[in-house]
Structures are given as C-alpha cells and as structure tokens.
Amino acid sequence: MTPRQKRMVTVAAILVGVGIATAFALQAFQKNLLYYYSPSQVKSGEAPTSRSFRVGGLVENGSLKREPGSLEVRFTLTDFAQEVGVSYTGVLPDLFREGQGVIARGKLRDDGTFVAEEVLAKHDENYMPPEVKQSLKPHAQATGATQAAGQGST
Amino acid sequence: MRRAAVSAAARLVFTRDLTLAWRRWDEVAQPLIFYVVVTTLFPLATTPDLTELRKIAGGVLWVAALLSSLLALESLFRSDVEDGTMEQWVLSGQPLGWLLLAKVACHWVLTGLPLVVISPIIGTALGLPFDAWGTLIVSLLLGTATLSVLGGIGAALTVGVRRGSVLLSLLVLPLAMPLLIFGSRAVTMAMDGDSPAGPLQLLAAIFFLVLSLGPLAMSAAIRISVES
Amino acid sequence: MVPEGAVLEARAINAWRGERHILRDVSFTVHAGEFLKVTGPNGVGKTTLLRVVCGLLPAESGEVHWCGRPVRGASDEFHAQLGYLGHPNSLKADLTARENLRFLAGLRQALSDKEIDAALDRCGILSRGDLPSRSLSAGQKRRLALARLLLAEASLWVLDEPVTNLDTAGITLVEELIQEHVQRGGLALAAAHQRLLDHSPNLRRLEMR
Amino acid sequence: MWLWIHKFGSPPHAYRLLGKLAPWFGWPALGLILLATWWGLVKAPADYQQGDAFRILYVHAPSAWMSMFTYVVMAVAAGIGLIWRIKLAHAAAAAAAPIGAAFTFLALVTGSIWGKPMWGTWWVWDARLTSELLLLFLYLGYMALRASFDDPQRADRASAVLAIVGVINVPIIHYSVVWWSTLHQAASVTKLDKPSIALPMLIPLFIMIAGFQLYFGWLICRRLRAEILRRERNASWLKEAN
Amino acid sequence: MDLREFLNMGGYAGFVWTSYGLTTVVLVANWLSARRVEAEQLESAQRRLSDKENRT
C-alpha cells in the first residue's frame, strides 16, 4: 500500500465508525429514554408497579382538592386521553396550579392512585405578560393540549 | 524492503503487551482485586438486605468498574514513555493511532474483560436477578471498552505530568459520566423488566464514536508527551 | 535502499526550551554518503537539534527537508527512512534481547529469526540473545540498541551520543557501523563529544556554541 | 489577509491592539448590562405563570449561553493553535477558560435558585443540568491540565487536545432538552420559528446577552494581554510598550 | 412605582435578589481578577527587563 492509500483507509475507517455511532444514536432516540411516563402509559400498565417512577401530565381543571387540616392534596393528572389520580402530602411548588404541566415522582397504589413523594412543576418555554396570556387563552389551551399529548409518546 | 503492514505492527504491539503482562501478572490482577473489594464495601456500608441492595446494584457495579479502570489506566503509557519505547513508536513510520489502539485493546483484554466476566457473580451477591445478567454484561463490555480508549486519551495527556493520577481522574471522570448514566440506567431498567435497548444503543453509539476518533486524540497527546 | 540523491536539509531552525532560545537559525545539509558530526559542550542544544530533525520536537520556525520535500505533512514516509538512537535504549527490562528486537524493530520490517541473530552477532551479543535485557550490562544494552538500529534498514541514521557506556571495542564497533552505512550511500547525523571517526574522509562537522 | 494575520499574530502588535480595543468593549458592556438590568427588573412585565421570579431569566439565560459560547471559542482557538501553530490562538484559549468556568458556575447557581420556587427543587439530575455540570468539570480539568505543565508550549498543545475532545459536550447540552423530555423547558430564543417570549420581555434579554458578549470581549482583551506578557517576558519590545 | 413592592419582587425577593447579587459578584470578581493578572504580569515583565538592563 502506498502511504496515500494507507491514509485513505484510516479516513474511511474513521468515517465508518462515526457513521455506525450516528446510526446507533438515532435508533436510541426513538426508544424509551423517557424521563417520565404519561397517564395513558400508566393506565395501560406500561409503568412499573413495584418501584417509584415519574408521571407527567397536566393538572385537570377543577380536580384539585385539599384535605382540610392537613397538607395532603389530591388532584388528577391528564394527557387528554387518560387520567391518573394523585395524592401528595407536602408543599407544592409555586407554579403548581390547575391546567399546569407537572411531574410527580412516587409509587402506584393497588387501587390505581398514584402516591407522590415529590411534585415538580414543569413550565413551558413561553414567557409573556398576564394581559397577553389572557387574550391568547383559547388558543393557548389548545396548544397546551397537543403538547401534553405529545410529551407522553416521545 | 519488506515494510511491515499496519496490521502486523498492531499485532506485534498487542502480543508484546500480553507477554509483558504475563511476566508481571501481579500488577495486572490489582484492578480486578480492587473491583471486588470496592463492591463488597457497599453491603457493609449500606445494608446487607438484598431487596434494598438490588436497587443500587447497577450503580454500584458501574461506579466500581469506573474506578478500577481508572486505577489501571494510570500506568498505561508511563513505562513506554520513560524507557524511550514510545519515541521509537512515533518514529516507526507506522500510523501511531493504530499502534496505540492495539495497545489500548490489549489493556482492555487484560483489565476490562476480566471485570466483565466476574461482574455477574458480584452482581448476584448484590441481589441482581439472573434476567439482568445479559444487560449487565453487554453494558459493561461496551462501557469498559469505551473507558479504555477515553482513559487512554487522558493517560496520554498526563503521562509526563506531576501528580498525574489525580489529574487523570479529573480529566476522565467527567467524560466518562455519560457512560455511567446510561450503563447503570440500562441495568436498572433490565432489573425492572423494561427493555434496556435505548441506553444500550446510546452506549454503543458512544463506543463507536470514541473508537473512531479516540486514536487521533491519543496520538496527538502522545506526540506531545514524548517531547520532554 | 537509499533513494537516489537523498539529502537532508535543515533550514534556519529556531527552537525554544521553556525560557531558553536554544537553537538560533541552525542550518545544515547532509548528502548521501556523508556523516555529519554535531559537536559542542553540554547543554548547547545538540539533543534538541537531533530531536527537531526527527520531528520529536516542534521547531518554533524553520523547516526540515528530506529529498527536497518538507518533512511536515509526510512524516510517516520520512520516519520509514529514519533510524533514531536516542539517550534511552528503548528496551523493556522484562523482555529478552531477541524479543526486544522482534517487538520494536519488527514494527518497521517483517523480520526473520536469522536476521535478528545476524544483527545480534554483528553487535557482539549473540550469546546474550535469550537473557532478559535487565540482566545485561549498560554497554551490552547499548549494543542491543545498535542492533535495533541495524535492523531498521534506514537510509538516515540520527544518533544521539551513540558511544555512551561503550568500551573501546564498542566504540570501534560504532565507528565501523557508521562507516559501512555511509559507504552504502546512507546518511548519518550524530551528536558526540567523544572522539568519533575523527579521521574519516566522509566526515563533516557542525560545531555548536 | 495572511499578512494581516501575521501582523496581528506578532505579540507586540497584538498587545497594543488589544489595549486599544479593550475600552471599546468595556464601556458599552457596562452600559448595556446596566440598561438590561434596569429594563429586566423594572420595566419588563411580570410573567403570566411565574410572576416576578422569571426575572432571573435575565441573568441565567445569558450566563448559560456564554458558558457554551466560551467553550466553543476556547475549542476553536485551541484547534487553530494546534493546526496552524499560532501561539496567540493558544493564549486566547488559555485566557477564555477561567471566564467560561465563571459563566458556567453562574448558570448553574442561578438556575438552581430559579428552579427551587418554580419547579419545587434545587436540583434534578436531568440531561440539561448534568451536562452543564460536566461543562464546569471540563473547564476545571482544562485549567488543571494547563497548570501542571512547566513548559508553556506543551501545556498549550496538551490542553488544546483536551478542549477539542470535550467540545462534544456542547451540542449535548444544547439539544438535551430536545432529545430527552425533561423538566427543563425548551430553548426559547434559538428556536428557528419565532421566539416564544413576548417582545417587551425579549428586548432586555437580548440587551443582556449583547452586554455579556461585550463583557466577555473586554475580559478576553485584558487576559490575553496578560498571557502575552507572560509568554514574552524577555522580549525587548516591552520597553517601548509602556 | 412603590419601592417596597419593587424590592419584594412579588414574593420572590430572596431568589431574584440572590441571583442578581451573585451575578454582580461574579462579574465584578472576574473584572478585578483580570485587572490584577494583567498588572502582575506587567510588573514582573518590567522587573525582568530592568534586571536584564542592570546585568548588561
């Protein structure tokens, strides 16, 4: 082999290696690398039952109930297809409100209620003053819905 | 002239290191003993309860593997640089990257592979179910091999440096963190009955990326290290 | 084996070691069949010059040309023609003399056992061939390194203090080897502060101050 | 062009030029940062979800942006230095590292302070945060490696190799929020379609980023001058320079 | 605008002001250290230069 051919072989080997790496990476991104499960996945039994995991979804409007005399709250998480009842004892983050996307970490109880040990509020990448938000309301809710549905299945 | 082919040269490097290791087997065994000792520390320090232990088993095996690989890497190039062998390699007219890759491959066979072989047994002692053996082995195979190359870059950079071993961990550990994350995630997912394909594919992606670009970085680093 | 009209040229090389400007505009030319001896007191930069020529050290400015082409960018081809004997003998203490040659000189050429034995014999250490190199004396180790240089079949020899640790017989051996190499049309470049081939007709000197 | 690079690459010329350049970065940077601070804290309206806490955005996002920007600058400078053997490029990489580490630290800490009231946690081990933490370690490793060599030229090239190897982390940080659905929100400004920040909130963010960039430019000028001095200690041009 | 209301930051005073304060500290520290490093190098360069002149 001439030195020139030798160099070509080396370059080719590097390109093949990088190509294989890219192929694997692309495959992996289609797989379940999820940080959290959607309520639909919980209902269909995809989520683990024996250990704690994360559920993500929107807090359903009108579902938030506080137990009088304690810090316990109950609410329903939805991805507009299925919903999961969540119970949580503790201080909620400031962004927590109905219609808001949240991620809860905890365990599924036998009766299908999700007992959260921790509730984190996920805020979206949109920033705007309240007045603007008010005027956008119907539209914004529609996008919020598709977003939440999309989040579960990525 | 009968110039030796690159493959023949790489094979010579590989057999030379095997021969040397055979004559110094006690040094080669050290990382493996370290691995076993570190993993047995965890049940003593946390809890002997297997149901509790299995929750952290994946992480424990991976952290121990990472640390023991680092231990072995520190001396990877030292003697060859100090006795002048490495400058002869640089001047051999063979592509240095291939020679170094062969050396790292031999190093992996001597330190990474035994660790992979023994890890299911240690895993069982930590409560790892039989179902997760396959994932553990595959993830460690990919992970330790990647670590050998990554660590090779770090070792090549720090070979002529004061306090090289501390520096080596500072350089290699951040780069190795994705391995740790995906590797232990794969093991945990397999234990919980989920499909570990996602993290395993990411490990494979990192492995091939490091395998193809790592030798370039290693040879650049070695050329700098033989200057002194 | 030596390419037609082989010539090594160093053009205005400048090199620094840390804070010191060691090589200032060093230039020289060596043609096929010539031996250039670099002399000068300790610390004057002989080793630095040789390492820059080999490409082990980067020069601040200036270039090395081999057969009219700059070495940078085609270093593998240049190195295939280059045999370098540095301060360290580049030996593995745990390997035997034969193994040392096979594993190091073998990177360059495919070697038969006969060729290895011939090189050992030429350097006068054939009887030590199967001893681990740790048990050789300093002079024998240097002879082993010379055997490696012979097996490299290089056109250009770059030798840094080749006679260190050698007895008178050893020095004569080095002189003979260089003479033979140069008479075959090879090029040689050596740094030495001892007497070395001082009366050879092919000798040229580079005095460094 | 080459002549210009060569001329700029000569230490005395670069030294003087950087000295003249520095105030052109420094004063506008100060002005823009003060303006953006006032705008962001006082004039910009509160967010519909986060109220006034979103104002942390104006220090967090520019820091995070600069942490990656600086790394890319450092790696590119290191690459130029390694390939074309330009000493000034190595000096620039060396000058950028501590600045980048400071921005990374700032991004991590302000992000953490922001995360506590909004997400409900100081820290989560998600891809964005973890990879930003790795970036900090990379900066620290780079500086440690550089410090451990006695010979400045070897230090330059060895740390350049490390900087280039580590550059792979930058796209991972940037796309981590896209590739993995995590707690951290997606990028707001660099989306290809229209940015999802209301205009009155966006303007101060841009001003702040511009201010940070200029501030970075000013710091680089200063640190690069120091690097040049350190490397050219024996050169006689220094006499005329002051 | 009411100063107290402004300082209160809608109840997020602790978080907002800590962030901005910290940012200020880091930016100023960077500025000072850059100046200090440059001054140090200048001083040492001058010392070396005068040493050299004295010797010759």
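In order of appearance the chains are A, B, C, D and E, and numbering begins at 1 in each one.
Methods note: a residue touches a chain if its C-beta (ideal position, glycine included) is under 8 Å from a C-beta of that chain, and two chains touch if they have at least 3 such contacts.
Note that the structure is predicted; figures quoted are calculated from it, not measured.
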item: Intersection of contact partners for chain C and chain E; value: D
item: Chain whose mean Cα position lies farthest from chain D; value: C
item: D-E or A-B - the one linked by more C-beta pairs in contact; value: D-E
item: Longest centre-to-centre distance from chain E, chain (CA-based); value: C
item: Centre-of-Cα separation between chain E and chain A, whole angstrom; value: 41
item: Inter-chain centre distance, chain A versus chain D - centres from mean C-alpha coordinates, in Å; value: 31
item: Geometric centre distance via CA averages, chain C-chain A, whole Å; value: 66
item: Centre-of-Cα separation between chain D and chain C, whole angstrom; value: 48
item: Two or more partner chains touched - positions in chain C; value: 58, 76-77
item: Multi-partner residues of chain D (each touching 2 or more other chains); value: 46, 51, 53, 117, 151, 233-234
item: Touching two or more other chains - residues of chain B; value: 95, 209, 227
item: Interface residues, chain B side, partner chain C - complex; value: 1-4, 8-9, 12-13, 15-16, 19-20, 23-24, 79, 82-85, 87-95, 99, 226-227
item: Residues of chain D touching chain A in the complex; value: 45-51, 53-54, 57, 117-121, 124, 126, 179-183, 185-188, 191, 196-198, 200-201
item: Complex contacts: residues of chain B adjacent to chain D; value: 153, 157-158, 161-164, 167, 170-171, 173-175, 177-178, 181, 209, 217, 220-221, 224-225, 227-228
item: Contact footprint of chain D on chain C as seen in their complex; value: 16-19, 58
item: Of all residues in chain D, those that touch chain E in their complex; value: 33, 37, 41-42, 46, 51-53, 55-56, 59-60, 63, 98-99, 102, 105-106, 109-110, 113-114, 116-117, 215, 219, 222-223, 225-226, 229-230, 232-234, 238-239, 242
